[in-house]
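Here you go, one structure.
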Amino acid sequence: MKTRVAVNGYGTIGKRVADAVARQPDLELVGVTKTHPSYEARHAHDKGYALYLSGEGKASEFEAAGVPVAGRIEDLLTKVDVVVDAAPDKVGKENRKLYDAAGVRAIFQGGEKKDVAEASFNALGNYEACRGKRTLRVVSCNTTGLARAAAVLRSRWGVDNWEATLVRRAADPAESKKGPINGILPTFQLPSHHGPDVQTIFPDLSIQTTAVVVPTTLMHVHVNHVRLTRAPASVAEVLTTFRTTPRFHLFAPWEHVTGTPEAMEFARDRGLGLNDMMENVIWEEGVKLESRDLYFFQAIHQESIVVPENIDAIRAMFDLAPSGPASMAITDKALGLSAA
Amino acid sequence: MKTRVAVNGYGTIGKRVADAVARQPDLELVGVTKTHPSYEARHAHDKGYALYLSGEGKASEFEAAGVPVAGRIEDLLTKVDVVVDAAPDKVGKENRKLYDAAGVRAIFQGGEKKDVAEASFNALGNYEACRGKRTLRVVSCNTTGLARAAAVLRSRWGVDNWEATLVRRAADPAESKKGPINGILPTFQLPSHHGPDVQTIFPDLSIQTTAVVVPTTLMHVHVNHVRLTRAPASVAEVLTTFRTTPRFHLFAPWEHVTGTPEAMEFARDRGLGLNDMMENVIWEEGVKLESRDLYFFQAIHQESIVVPENIDAIRAMFDLAPSGPASMAITDKALGLSAA
Amino acid sequence: MKTRVAVNGYGTIGKRVADAVARQPDLELVGVTKTHPSYEARHAHDKGYALYLSGEGKASEFEAAGVPVAGRIEDLLTKVDVVVDAAPDKVGKENRKLYDAAGVRAIFQGGEKKDVAEASFNALGNYEACRGKRTLRVVSCNTTGLARAAAVLRSRWGVDNWEATLVRRAADPAESKKGPINGILPTFQLPSHHGPDVQTIFPDLSIQTTAVVVPTTLMHVHVNHVRLTRAPASVAEVLTTFRTTPRFHLFAPWEHVTGTPEAMEFARDRGLGLNDMMENVIWEEGVKLESRDLYFFQAIHQESIVVPENIDAIRAMFDLAPSGPASMAITDKALGLSAA
Amino acid sequence: MKTRVAVNGYGTIGKRVADAVARQPDLELVGVTKTHPSYEARHAHDKGYALYLSGEGKASEFEAAGVPVAGRIEDLLTKVDVVVDAAPDKVGKENRKLYDAAGVRAIFQGGEKKDVAEASFNALGNYEACRGKRTLRVVSCNTTGLARAAAVLRSRWGVDNWEATLVRRAADPAESKKGPINGILPTFQLPSHHGPDVQTIFPDLSIQTTAVVVPTTLMHVHVNHVRLTRAPASVAEVLTTFRTTPRFHLFAPWEHVTGTPEAMEFARDRGLGLNDMMENVIWEEGVKLESRDLYFFQAIHQESIVVPENIDAIRAMFDLAPSGPASMAITDKALGLSAA
C-alpha cells in the first residue's frame, strides 16, 4: 500500500512536489490545496489532481472559474498519512496546528524556522538521523545546495572551514511585482542565516556565509572557498567525485555554458519537471584547487532543488527505503534525473 | 512512406522544429546539423538525432567532446526530401545553393528576405497558395503573430486598417551577451519592416507597424488598434472567435496572468515543447471594442511560435493534407496543443 | 517681493521642484516637508532648506538622525503664498483640506484626479486659461510629454487624429523593490487613461493611447502616429519646428544615441538638475513623414519633465509673467535649459 | 606655472578625468581626444575643451557634425607635460609608443597590464613610492576600492588575510548593447585577477578574490571577510576609522539606503561630477565584527572611483604635493568631496 500524500499550497514548490509525488512508485498523491483560482489551479485541475481549499479559500470563487474543489484542507487531511506543507514562509508554523489536530505527519519547507519540526533534513546530509520522525523540515534551496556540497566534501576530504557568498536571484520568473530592476541589495545580516541553517544538518561544520540580492530570476550562484582537511590529488579527482554523486550536474568547457542563462536553457532542452534543474550545477572551469584550498562556483535553481529532497524526506519519515542512497535512487529514477 | 526531413541549424528554432518533426505521423526526422559542439549538440545526441556538420564544423572537435557526427550537411541532403533551414539570419540565402545543388526542397525562416523562396507562408493566412511550392519562407515570429490575428479578423469582420506597436524582447533567455540591461531602444525604421512582411501573406492589408526593443527575454507584446470593416456584436463575440481558432490561447481575468512572466509560467506548467507557448496569447481583459475599433494586446513567444508553421509549410509543399485546417489539426494534435 | 513657495513632499518630484523654485528670480523657497528622515532629508538639510514635518512625521525621529525640523506643515503653510503638493498619488486630495484651511493656493501633480483643482495645466498647452486660478494640477509626466508635442503640432499643422503607445518604465532608479525584473506588463485599460488626461489640456483633441510597462528605470518612450490636418513640407520642417520650440531636445544621427541609455548619459554629461532631461527627447532618425501621417518616437524622463511646468504653473496662478512663452523663458534660463 | 595635462580618450573615464583636471588649482587641461563625433564630443566642445583626433579619427567627420577639432593627438602631445591615457583596455600599451616618442609622461588605467608603467598607483596605498615616476598605472575601479580599504585596515589593525567576492555590474549605464539581461555569469578565473592586482599596491597582502557578473549598471558590490591582526575595540571603532578617512562614504541605517539604487540616488542628489560616487560606499549596517574577523560590504562606482586617483597620480609624478594626504586634500576640495 502506497503512502498517501497531500500537498498544502500549490505554488512554486508545491506544484513541483505534487508532480514528483505522483511519479513515485511508493507514494500516492491524494490532493493539493489552493486558496484562490489561478492559471496554476487550472493546471492542477487539468492534470486530474483533486483540489481542496486552504486558508480563506471559497468554493464559490473556484466554481465561478470552472475549477471545482473537492473540499477543504481539513477534509483532505483525513485521507492522508502525511502532508507536505508548501505554504508561504512562516504560514507553515500556523498550519502545523491543523496537522497535529488531524494526527498526520508533516514536512515543512526551509522558509519556516527550524523549530517547526523535530529535525531539518537533507538527503545526502542526514537521512539516517531523520528516520521515523513525525515532522521534518526540508532546508531551503540555498541551504540544500550547500548541504549537498558539504556532504560530498566532508566525507571525502574533510572540511576545516567554508566561506560562501550567495548571489541570490531577486524573484522567481513568474513574480512580476518584485524588484530591483537595476541594482544590487546587500543582505545586512553578517554572516547571513544560511551558515547556521547548514549547521542544522551538519552541527559541527565551520561555515560563514554572506549574501547579496541581484536582478535576475533564474538561479542563485554560490561562490565557495573551502579549506579541506586533506588535499585532493587534483581538480580532476574533485570533479569526478562531484560527477559520481547524485544531484550534481557538471558542465564541460566545450558545452559553452557561460552562466545561468545557458544552464537553464539546458534544463529546458532536457525537459524534466517544469524545465527544472534539480541538481547543483557545477562548471568544470569554475573549480580551482590550491593544495587544500578548493574554490568553486555552484548554481542553484531555487524553484526545484528541494523537490527531490521532499520526496526523500517522506521516505525517511516512513522508513520506506533501506538507506538515503537507496531512496535517492528511487526518487531520481522516477524523476528522470540521470544516475550518478 | 513518410516525408524525410533535415533540419539545418540546431539552435533556438531548429531544435524545436526537429522535435516537432519527430512527433508528426507523416514526417521523419533524418538528421540535424551543428557547427560546433555545445550543450545543445549533447542533447541532440542524447535524443538519438543523427548529427551532421554544417559550415566550418570539424568532426574532430565533436569527437573530442564525445558527440559523434554522421557526416556533413551534403551527406544529409542526399537522404531527405526537404530541408528546414534554421541557420542564423541571412545565412539561409547562402545555404540555398547547397539545397538547389542537392535537388531538395527547402523551407526558410523569416530572418531571410522574402525573395529567398517562391512564397512566404502562414498556416492560417495562405496555406492554399503555398501548395506544391519547392521553396517556402515561414515569416518571422512577430509577423506570424500578426498574420494569424489578421487571418481571423479579416475573414470574420474585414479589416480597414491596422496599427500595431511591437514591444520586442531584446534577447532570448539563453543569450547572455546581448543587452540592453536598462533602457528602451526605438527601432528607427518607421513604419517598421513588420507591416510589409505581413503583406507578403496579405498583400492588400492596410497595416502600419512600429517597434521598440526592451530589456526582457520572455516574449514580445503587440499593442494593436484595428479598424474593422463591420462592427462585431460585442467583445464576447471577438473573444469567442479567437478562442475557437487554432493557435490562440486566451487568459481569463481569474487566472491572474498580469503579463508575460505569468504567461510563460503557464507554458512551463503545461510543458509542451521546451515549455513553449506556440499560440498567440490574448488577455481577455486586454481586448476592448468601440464600435468598429478593436484594441487588443497579444504576446508572442519568439522562440516557438513559428514551430507549428514550419510543419504546416512542409505539408503544404508536399500536399500532405487536404487543407490548412486539416494540416493544423494534425500538427497541433501531435504537439499536444489543445484543439480550438 | 517674491512669491513664497512651500513644497509638501520632498521625494522624486518634490526635491526637483524645490531646487527649481530656489533658482527662480521671482520665487522664494520657504520650506519643504518630509515624513521620515532619509538620505533625501539629509540633503535638504545640507542645502539649507527649512525642513517641516508632514503626515505622521515625528520631530524626535529627525532629531535622532541629526536632521532638525523647523515645525509642522501647518506652520509652514502660514508663511507661504502657494504650496506645491508633491505627495504620493491620491494623498494630494486629502492634503487639499489643509491648504484650504490655511487659505494658501495649491498646485497638485498628475497622480491626482483632475477634479482636485480648478484646472489642469501645461505650459505650452494652456497657460492663458490657467491665469489667476487658486488651484492647478500639473498633468503627469506622460501627459505633459504628449501635451507639449500636441501643442506644437496642433498650432502648426493641425491634428486630425493621434495614436500613441506608451512604453513605460516600471520603476524610478531609486525604487529598489518594484519589478518586473524580466517581463512586459500590458495596461489592460484600453485605451489608457493618458488620452483623456491630455484632453484636460486640449478638450477637442482626438487621441487614443495604449500602454505597457517594461523593466527599465530610465525613461518612458512614446510611439506616435499622428494624422495631421495639413501636410508639412518635409521632415526637415517638422524637425526645425520641434527644435525651435522650448522643451524639446533633438539628437542627430551622428551623436549615436541609440536609445534611452545614451539619452540619459547625455543628461549626466550636461548636469542640469539631478542629471535631468526636462525636455521631450526626439531622435531625428525616429521621425518619418508620409504625406499627412507623421510617425515619431519621443522619450520622457519621468522624474523631471514636470519640473519646469510646476514653476510655470505658479507664474500663471499669480500672473507673474506676461505670457506662457515669457514664463517659460524665465524658467528655462534659471534652470540652464538651452534657449530654443 | 601649472602642469599641463592632456586626456587621451574622452569616454566614461576620460571625460570625468578631464573635468577633474580642469577644476584643480595646479593643473591645466590642454586638450582631450576623440576618434568619432558623438554626444560626448558635443559636450567636450560645449564645455570649451580643445578637441583633438585620436586613432583613425577624421577631421572631416567632426566638421560635418559641427564639432571642430584642433589637430591630432600628436599635436596635442607637443603642448603638455603629461597625458592621461583613458583609451579602451589594452590600447594604452600601443599608445605608449606615441607618448615615449613625444617625450611626455603618461598615466594609464587599470585595464592595462601592470608592466605598461613603472608602478601601479593608489593614493591611500602607495603615494610615496610613486613620486617622480615618468609612467604610472592607476589600478582599476575594483582594485582601487580594495586598495583603499586595505590601506585603512592594514595601517590600523593589520591584515592577516582577506577574502573578497566581487559582484560586478555587467555594463555601464550608457552601454546599450551589453548583457546579460537576466542571469549571473561566474568569472571562471579562480581566484580572480583582482587579488594579484591589489598586490601591485601591497605586495605582501594575503588576499583572495572571486567574481561574478550580474545584470545591473550602477555599481559593483564587494563582499569582504578580513582576518585582522589585532581586534578592533568595536564596530563603532571600525566605522569611525572609515568615516575619518578620505574617500569613504558611510550610510547610516536611518538613511534607508537598502542597496546600490539609493546609493546612486544620493549621488544624484549630491551632484558631484556626473552624479558620481567617487568614494567607497560603506553601509553601517553592513559591517560586522567577530573578534578579529571583520565582515563588510562596500559598493564601488565603476565610472568615477578612479577619477581622484588619476589626479593624485599626476601630483605624485611631478612632486606637486608634500604628501599623499596633502594631495588628496587638494583634489577632494576641488572636486567638492567632503573633508574626512
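The chains carry the letters A, B, C and D, assigned in the order they are written, with residues numbered from 1 in each.
Please note the rule applied: a residue touches a chain if its C-beta (ideal position, glycine included) is under 8 Å from a C-beta of that chain, and two chains touch if they have at least 3 such contacts.
Only a predicted model underlies this, so the values are computations on that prediction, with no experimental measurement involved.
Set against one another, B-C and C-D show the most C-beta pairs in contact at B-C. Averaged Cα coordinates give chain B a centre that lies 48 Å from the centre of chain D.
Our note on geometry: chain B versus chain C, Cα centroid distance of 42 Å, whole angstroms. Look at where the CA atoms of chain C average out and do the same for chain D: the two points lie 35 Å apart. Looking at chain B, one finds that residues 173, 175-176, 180-183, 185, 215-217, 258-259, 261, 264 touch two or more other chains.
Contacts between chains leave no pair untouched here, as each chain touches all the others.
Put simply, chain C touches chain B in their complex at residues 163, 165, 167, 169, 180, 182-186, 188, 190-191, 208, 210, 212-221, 223, 225, 258-261, 264, 283, 285-288, 295-297, 299. Those residues of chain C that touch chain D in the complex are listed here as 15, 36-40, 42-43, 61, 64-65, 173-176, 181-182, 251-252, 254-259, 261-262, 264-266, 268-271, 274-275.
Within the complex formed with chain C, the residues of chain A that make contact are 170-171, 173, 175-183, 185, 215-217.
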